[in-house]
Every structure is written in structure tokens, then in C-alpha cells.
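Think of it as A, B, C and D in the order they're written, each chain with its own count starting at 1.
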């Protein structure tokens, strides 16, 4: 295989991985902008989406219904999580909230272990057929679904934030929580809605990636971590940034593994991440936060 | 002789010029007030002098040393300290601990000496405590020394910030709206306190909206508008200047 | 709340004396070496977490990469003793120096970042070091690891029983706590807390905030390194897996559970977390005979969440709050009475909540 | 001052509470039936290696029941004390210490993985207690003079490499690309393969790694594809082994894909689905038990274990479960001759000859604490999602 083809292959693989990370990063970013919290449970929403849909399919539901039901269940779960866990602690410090979300994700993993055991579950790809050949490089069909989903989610979020009342209210909360509440927007309701929304996005992501990655009870840990990295890389406050961060991370990983060293691939991407952060402490597309006196 | 010399100081924030080509001098022992409407660049000027932000252009000289663009702690080390418009007390510490932080520079012992509890550490600690208590006495907060700073009333928090800044024993002290939120009684106490400071070897730069206070205590007034110096003079001159009255005093004075 | 010089030596060190008494008491009361072994692990983790609390609780800088420093200490000690033939004590010192240098380099690069960005940067650095342990097969043995690490010894004095190791580790814990306490109650400690609440105000007071942050980062890495050395000579087998990202998160959890801004917090945090795990392991199967490991994980997570919701300052903070509440209330009432002279004034406000 | 005192009161109370908890634990474990032989077991029941640990725990429960049903060892019931090390080395050491110091077991079966097994060797050697690991790494029992108390039941990776390279030589593959999972299992395989393969005239043209939680191995495979090997050898366990196999088929690499014994369970096929077809790997005879000739000495043991296991746990058989079953069988066989004496049990373990287990016929010796040779393995090919012996 000539080098050009190889590079193209790494790029395509990077896009697949990037699509996965970007979808998860979106959840982090949306919650962070609206509520100011970093939600380490995001990875578990992904896992819950994947495993719930698999169970629904096993129950005999058609694919589309299984997906809808799973997304709805995880969405409701996200809302419940906000009400029971985040709401009582909403005024705590950054570290406290992080610990709470980590703690809760441990508990969710335990529940998943109880329900689904330790084995991995496969899922049929959404469309069958051989992988697609692009100039000699290969991309499997499910990756295209993942890419499509991330594009659709970004566009939907954009329209939602820019064109709907609800979205504008969320955005107002993101800009200034106090002012928003003075305008009659309840930040608490917005937070509730936002968690539910992001849980659903996470669930969708989980369902779309399972045909590629298979699903296990502990898949959320690594995915959540990579999603967090992508989100921060992109700037934490910017949905476009999340997508960019996700793809960048995916491509770095694929290129690192292919061109330099498969053992060091994560080290390479983290090193580049550090270099980015040192030059742009607010992430790629984040606004520089200035301390005001 | 002049303690602080500012020349052609300029700072933009994304298209908005907060401080434009400003020059002035401050002499040792003076109380200099900066007045002007909101957005005139007063706090930006303080932030530039204390190194919290860097100027785009121009120089700041303190005691004839160029301090332009130096980091805040280096500038502080030369003897400049300040208070903040939005109070920046160290919550979670007691009143006296806050002032002891102000006296930080009077200590020499480092992290390792402290960790291994070298003999000098305790002695130094007593010295710092004494300094802090001395300043607390000046602002009349001695009896509150062990109270957590968060529960102190607002007016006393303002005084405490001044005490903390004084604990460093700076050559120049920048007070950013020290009377904001104070009632008349507290403002009077504050005014008396500020008047005493030059005698202790401090030069005072003051940003304030309370005109009565300014007219009472300042030796020299700089009027700012849209980042530039509009007028400069003693209180009497400022009160009688037509430009100043038109731009500022006319509407604001109560 | 108290100033050092006003108290007598005994009073000042009452907690330390109490601590020593408890350590000895535990050794006397627990004849079974296995249970004493649990306390060895608690001690080792406590040292890491005390260092982490200095960094996180007092200085307000998050680190999600401390397991890597713990690992650097462990690997350096293990390699220097097993492959080069140094004595454990010398190896421990060299390990601390190596870790300190690495932490210094990471610190000057990353400590200008804030909050989540700093968390990510430390996490990344930690993972890079972890990958290094995995990949440098010729040096570290790679994922398979290596054994043959000698037990800790001072000259001819071998620490090869659980009991002797228990005392060794807890002596280090004692030193770690005393050192941390000395820092915290000093001028430097106040400066660190000042940096935590308002870095801007701190620098304006002439505190070299960045320099102090780097220093405390290095110190806390050295804490982790020493704990790592103790771990290496206790387990006597070295492989990368205990030093990954999950371990870093666990350290942060233990620190937060105990109470970040407290010198005694780590002791409670580590003990609570480790005992909770053991406790759930014994109790859960008795209540629900059919239960497997799943329930333990669920309960563990939930208890963590509940503690953090109801005691956001951790166990020590929570207990302290419980007793301090009354005192603060009384103080507040008194202060408000003083205020009555100026009726129009506002009450204690949160206007100074700090930097936006 | 009052607060001060109260603070210490709290400190004191909580610490005494803590003490009572621990000392309580200490005393409750002292009693126990004198008649019962206690055998310890440590498996990776939770954590990343749980796909090994769970069938191992289940198999251990199966054999415990079997032996007690037939009246125990020389009239003594056995009691298994199973510890979960959470796939964590520190926990493995603690578990070993607990079994030795608190439960005072006669011998220890497990742990499941090379990493956790290696971690407890020092403890085992120092406490002088026989241990039969269920993991693959040959380093667990070698060098044997430093591993007096350590035995293992799974085929060593050196044995597996021996079998696998024989197959490669037979099929006239010369240039080999090698991929391994980045953990102790993959690393162990890589080390042996790197040293042994060249001795049989094989050339390693690529060495790549991937993480246990990686989602896509296409980059590594793309690189391998570009060097045009004659065969690709992979050392991994599912799910990453399955994902890799899928990626392999997607990239349309047309040389044989050879896996290690790490994919010896149904999970691999379930996850890789059709991509699994055509995969060849060396493995013990458990997977193909029913199709063995009737005169095979292992057949009856294999068929019985597979049937009992599948009936009792409603799960497909797993070679890992077989390793745990062997570990305990070997210990029980030794206790039968030696009685409740750790030193004698060790001596008897070393003398075991011609013992038909799940993983092969064990012939232990002072030089070989695994006792298996490459004849314990067969090359198996996956066809139509079923295992078929390659001859």
C-alpha cells in the first residue's frame, strides 16, 4: 500500500474515532456551558444507551423503536440524576461536583454490571454491506452513521440554541445565570432539561458506536475520559470546539498509532494536547477567561 | 521628587481604548485621587500599575525603576500594594490571618524551612503577627481578630482590606473605591484613616466616587474621561474648572 | 483560627501524641498480620493523599496525575534496589529527587492553567508517564513487570514482617503529617490558602503565586514518590497497573472524602474508603446472600455521592462544621449587634464572592 | 476550648469504632470445622479481566460441589474460600495474605492473569504455601528454582508459541506480523514469540500493540498490511481481539489470521460475528471435546466438565474456567496423597504424572511446574461460527 493510501486510511480511521469522541464531548460541553458543571457521568450515559438498546432489541423490538425507547429511558434517567444528585449539591465547589459525578458513575457501573454482567455485547450495523472503499482506503458503513449523527446533533443543537425559545433560555443561562433568573428563566429547570438532553445525546452516541466497538458495562469509563479530553481541547464552552476537539483527538490517535508507535499513541495525543493547552490555555475555540477585579 | 511617573500609557480591550496615552506624575507623600465617570479607565489604570494587566504602550516608573509589564509580585516587592473595588479578602481565614498574608513579604523563611520547622520560623511568625496586630489596631478591628472574615460586616471588610494592604508597609498604596457601600459614619472613619497614611510614609492613589470624601482628603486630583486625562489640579481648581463640571461633576455631584 | 505562639508545646502537639498512641494501640490490638497489612496500605495511601491535600485543599490546584508520581517513586526505588543494588533508603531518596525533577518540569509547564484545564493537563502528564512504564520494556519490564525487589532495610535492620513494616510506614505517615502541618501553619501555608481564594489579591500582596504553586506541586509529588517507594518494598513486585489514571482518581476521591483542606482529612478519607470497601465486601453478602461484587460497587458509589452532597467539605470538614456552626452563629449575632449602631448598613454579604 | 476537646472526642470515638470493626473481623474467623480442608482461590472476578475470572469462579464452585458430593477428600469435605482481586495486583497480594494468614488455607488456586499471579509470587514463596496459577505466562513458573511453591495449570505461552510456530512452519509462512494486546498477557506472548519464532526460521516483519480498551485497530493493521506478511499473529483476548478481527476483515487483508489461545471462549465468536470465520488458533481440547476420538484419555473429563458447567451456569464453556478447574483438581489430587500439610502437598504436586485435566495431560517435575507440552494443544479453526480441529 503506498504511503498516500496509508495516510488516507489513518485519516478515515481518525474520523471514525473522532466522531465517537466528538459526540461524547458534545455532552460535556453542553452541560458545562449551561450549568458550569463537569459531568463525569456522561460516559455512563453512553454505556446505558448502548446496553439498554441491546436489551430492547433482545426483547424483540424493531431497531428504530429500540433506539427510541433506549434514548427516552436514558433521557429520563439523566433528568432523575440531575434532580436527585446534582440539584442538592448545585452550590458545591467544582471539585465536589466532579467527585459526585464520578461517584455516581461508579454506582451506575455497578448497576450495569448487575443487569448485564461483564460480557461484551455486539450489535448489528445499521446498514449491511461491505466497507466502503475511498481511493483505496476503507471505511466501514457504521462509521459513516457515526459521522452523520455527529453532524446532525451539532446542527440540531445549533438550531435549538439559536432559533427556539427554550434554546435561547438555555443560552441565557450559559451567559449569565443570575441575569437569566431575573428574566424569569429558571436555571434549575434549565439544568434539569440540559442533563436530560445530554443524557439522550450520550445514549444516541452509545447506540451508534456499538456496532463498531461492542458494548460492555465498563465502556463508559474510557469513552468518558476521551470525551472530556476532546471537550477541553476544543475549549469547553463551544459546541464547534467539541467537534473539532473530538476529531483532532481521533486523528491524532490514528496517525500516532500508524506512523509513530502503536504503544505510544495515547502518549503522543496527550503530548500534543498539552502543547495546545500551553499555547492556548483556554482550549482551541474557548474564549479566554480573564479574571476581573 | 516624583515617586511614580507614567508616560504615554495605553491599553486597548478589543477595540475599546480603556487607557489612552496617559501621562502623569505622583510625588512622595501625596494623596492623589482619580475621578471620572464609570468606564473612564480608573480601575484599568490601577490594574496596569500593579501589573495585573500589561500595557500596549507606554512606561510606568516607580522610584525611577521601570516596572512596565512586570509581574504583580515583583511590583509589590518594590512597595506597591492595593485594595480592590470588589473585595478580594481571603475567605476561610480569620481577620488576623488575612492581615498576616499582607505582611507576607516581611518573612524570609521558605517552604522547606517551614516544613522542617527551622528555629527562625517561629520567631518570624511572631514578628508577622505583631505587624498584623499593629495594623488591625489602626483600623480598629483588634477585637475581631479571630473571626472568620466572611462574617465580618461589609464596612469592616473594607477597612480590613486596607489594613491588609498596609501590613505590607508599601511605599505606595492604591485604594480602589474604598468608600463604596459605606455609610456616612464609616466613610468619616475611613477618611481620617487615609489622612494619617502619608505620615506613615505612604503615598496614596485613590479611586472614589464620593466627592465629599475626595475634596476633604486629597491633595491632588486627576480627572479622567474615556481613558484620557481631562484635567489635573488641586481640589479647588477641579471644582471650578468648566470642562470638569461639564463632563462629570455637573451631573454626578449630589 | 488559632495562632501558634499562644499555645504550649503539649497542647500544640496533642493531636500528634494522640495519633502516635492510636498507631501503637492498633499494632497491639491486632495480632493478625493480614489485618495489620491493611493498615500498611492505608498508611501508604495516606502519605500520597496528604501531599495531594496540600496541593488541592490548600493551594486549590487540581491534580489528576498523582498516581504517576507514586509510580515514579515506586519504579525508581524498585529498579535502583533490584537492578542496580542500591540500599532501599538511598534509592528512596534518589527516587524522590527524580520524581521532584519530573514534577518540577510538569509544574512549570502546566500550573499556569486553571481548573479543568489544569485537571486535564495533569491527567495527560500522568497518562504519558504511565505509558512510559508500559513501553520501556527494557527498563521497566513493561506490562509483565518484574519481581525481586528487596524488603526495606536500614543497615542490617530488615522490615520483612507485616508488623515491622506497619511501624515503618506509619512513622513516615507521622513525618508526612508533621511536615504538612508545619507548612500549613506557616507564612507559606497562609500564602497558599490566599492563592486558593484569590490568586490576584495574593500576587498583589507580593506573594509569588506561580513559584509557590510549583513548589507545592513538587512537594506533593515527593510525598507520592515516598509512598511509592514504600509500596515497592512492601509488594516487592512492580508492574504499571497500580499507577494508571484510575488510581489518580481514587487518590482524589480519598482526599475529597476525608476533607481537602485538612491535614487529618487524608487519614479519615483513606481509612473510610478502604474500610468501606472491606466492610461492604463482608456485610453485603450477609444481607443479600445471592449478591456478587456488583452490589458493593453500587453501594460504594452511592455512599460516595451521599457523603459529598451532605458533607461537601469531606468527613473532617463535616464534623468540624457540625461543631463550629454554633460558634459561628454566636459570632455572627454578636457582630450584627455591633452593627446596630449603623442601622442602614448591609449585613455580611457575598458581594466579595471573589473573581468572576 | 470546648470545640477543641470535642474534636478529640470525635477522633477518639471514630478510631475506637474502627478498631472494634477490625478486631471483630479478626476473632470471627478463628473458628472453623477441623474436619474441613480449606483451599483458597483468587480470581479476577471484577475489573478488566473479569471475562476470565467469572468462569473461573464458577468452575471452582462446580468442582467444590463435585468433590463434596462424592464425599470429599478421604472423608474430609473441602471448603473453597474465593477472593476477588478486582484485576488489581495490590488487591491480589492482600487477598493472598488474607488466605494465608486469616483463613489458613492449605493451598491457593489462581490468580487468573499473569500480572496478578506474578504479583503474589513473593508472598507465596515467603509464606511457603503451594499455589497453582490459572494464568498463561511462563514467567510465573520460571526460573523454577526461584518458584519452588508455584505451579500453574494453563498451557504456558511458551508451549502455545511452540505449537503456533510449528503450524506457521508447516503452512510455509515466512514473514510474520505480530500484534499484541498491551497488557501482561499480550506482553508475555510477545516476549516468547520474539525469541522463539526466529529459531524456527520465521521472520518478524512487524510488531504492533493495542490497548485493551481501544475501539479501532485499523491503524496498526494498515501498517501491517503495508509490509505484506505471510501471516498475522495476534495475542489478545476479547473484546479487543474481536474488534481487531472485524477490522482485519474490513481492511480485506487476505493472509491467514492466527490468534492465540486467548480467544478460547464463545464471547470471541459472538462479538466478532462473521469476521471470526477463518480464524485459526491453538487451544486446549475443551472447545472440541465432543469431536475427539473415544480413545483420547482426556475425552471423558472434558465432556463431563463441559456438560456440567453448561448445565449448572447456562453459559458456554470457557477454557479459562477449565484452567481454574484444573488448578483445583491438581491441588485436590495432591491433598489426597499428602493430607493437610502444605509442604507435603507441594511435594506431591511436583510428582503428579499422567493427570488428565482439561488443559492436557499434566506431567509435573522439579524442572517443570506446568507439566504441559505442545501436545496439550490442537490447532482450531473457526468455521460457520463453530470450532473445528485443523489436521
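Note that a contact is a pair of C-beta atoms (placed from the backbone, for glycine too) under 8 Å apart; a residue touches a chain by one contact, two chains touch by 3 or more.
Quick caveat: nothing in here was measured; it's all calculated off a predicted structure.
Of the two chain pairs examined here, A-D and B-C, the one linked by more C-beta pairs in contact is B-C.
On a Cα centroid basis, the chain most remote from chain D in this structure is B. Averaging Cα coordinates per chain places chain A and chain B 47 Å apart. Per-chain Cα centroids separate chain B from chain D by 71 Å.
In terms of their C-alpha centroids, the spacing between chain A and chain D amounts to 35 Å. One inter-chain figure worth recording: chain B and chain C are separated by 38 Å, centre to centre, where each centre is the mean of the chain's CA atoms.
Counting partner chains per residue, chain B has residues 52, 84, 86, 88 touching two or more of them. Residue positions of chain D touching 2 or more other chains, listed in rising order: 46, 182.
Multi-chain contact residues of chain C (touching two or more other chains) are listed as 134, 200, 292-293, 297, 355.
The touching residues of chain A, counted against chain D in their complex, run 1, 6, 9-10, 13, 16-17, 20, 113, 117-122, 131, 138, 140, 209, 212-214, 216, 218-219, 221-222, 253-255, 257-258, 262-263, 265-266.
For chain C in complex with chain D, the touching residues are 14-15, 18, 22, 25-26, 29-35, 37-38, 41, 134, 137, 142-145, 147, 160, 162, 231, 235-237, 239, 241-242, 264, 268, 271, 275, 279, 282, 292-293, 297, 319-320, 323-324, 327.
Listing the residues of chain B that touch chain C in their complex gives 50-52, 71-73, 76-77, 81-82, 84, 86-94, 96-97, 100-102, 104-105, 107, 109-111, 114-117, 121-122, 124-126, 128-129, 144, 146-148, 150-155, 157, 164-165, 168, 181, 183, 185-186.
Within the complex formed with chain B, the residues of chain C that make contact are 1-5, 179-180, 182-183, 186-191, 193-194, 196-198, 200-209, 212, 215-216, 219, 261, 328, 331-332, 335-336, 338-339, 341-342, 344-349, 351-352, 354-355. Across the complex, chain C is touched by residues 38, 85, 88-89, 92-96, 98-100, 102-111, 113-114, 221, 225, 228-229, 232, 236, 261, 263-264, 266-267, 270-271, 273-274, 277-278, 281-283, 289, 291-293 of chain A.
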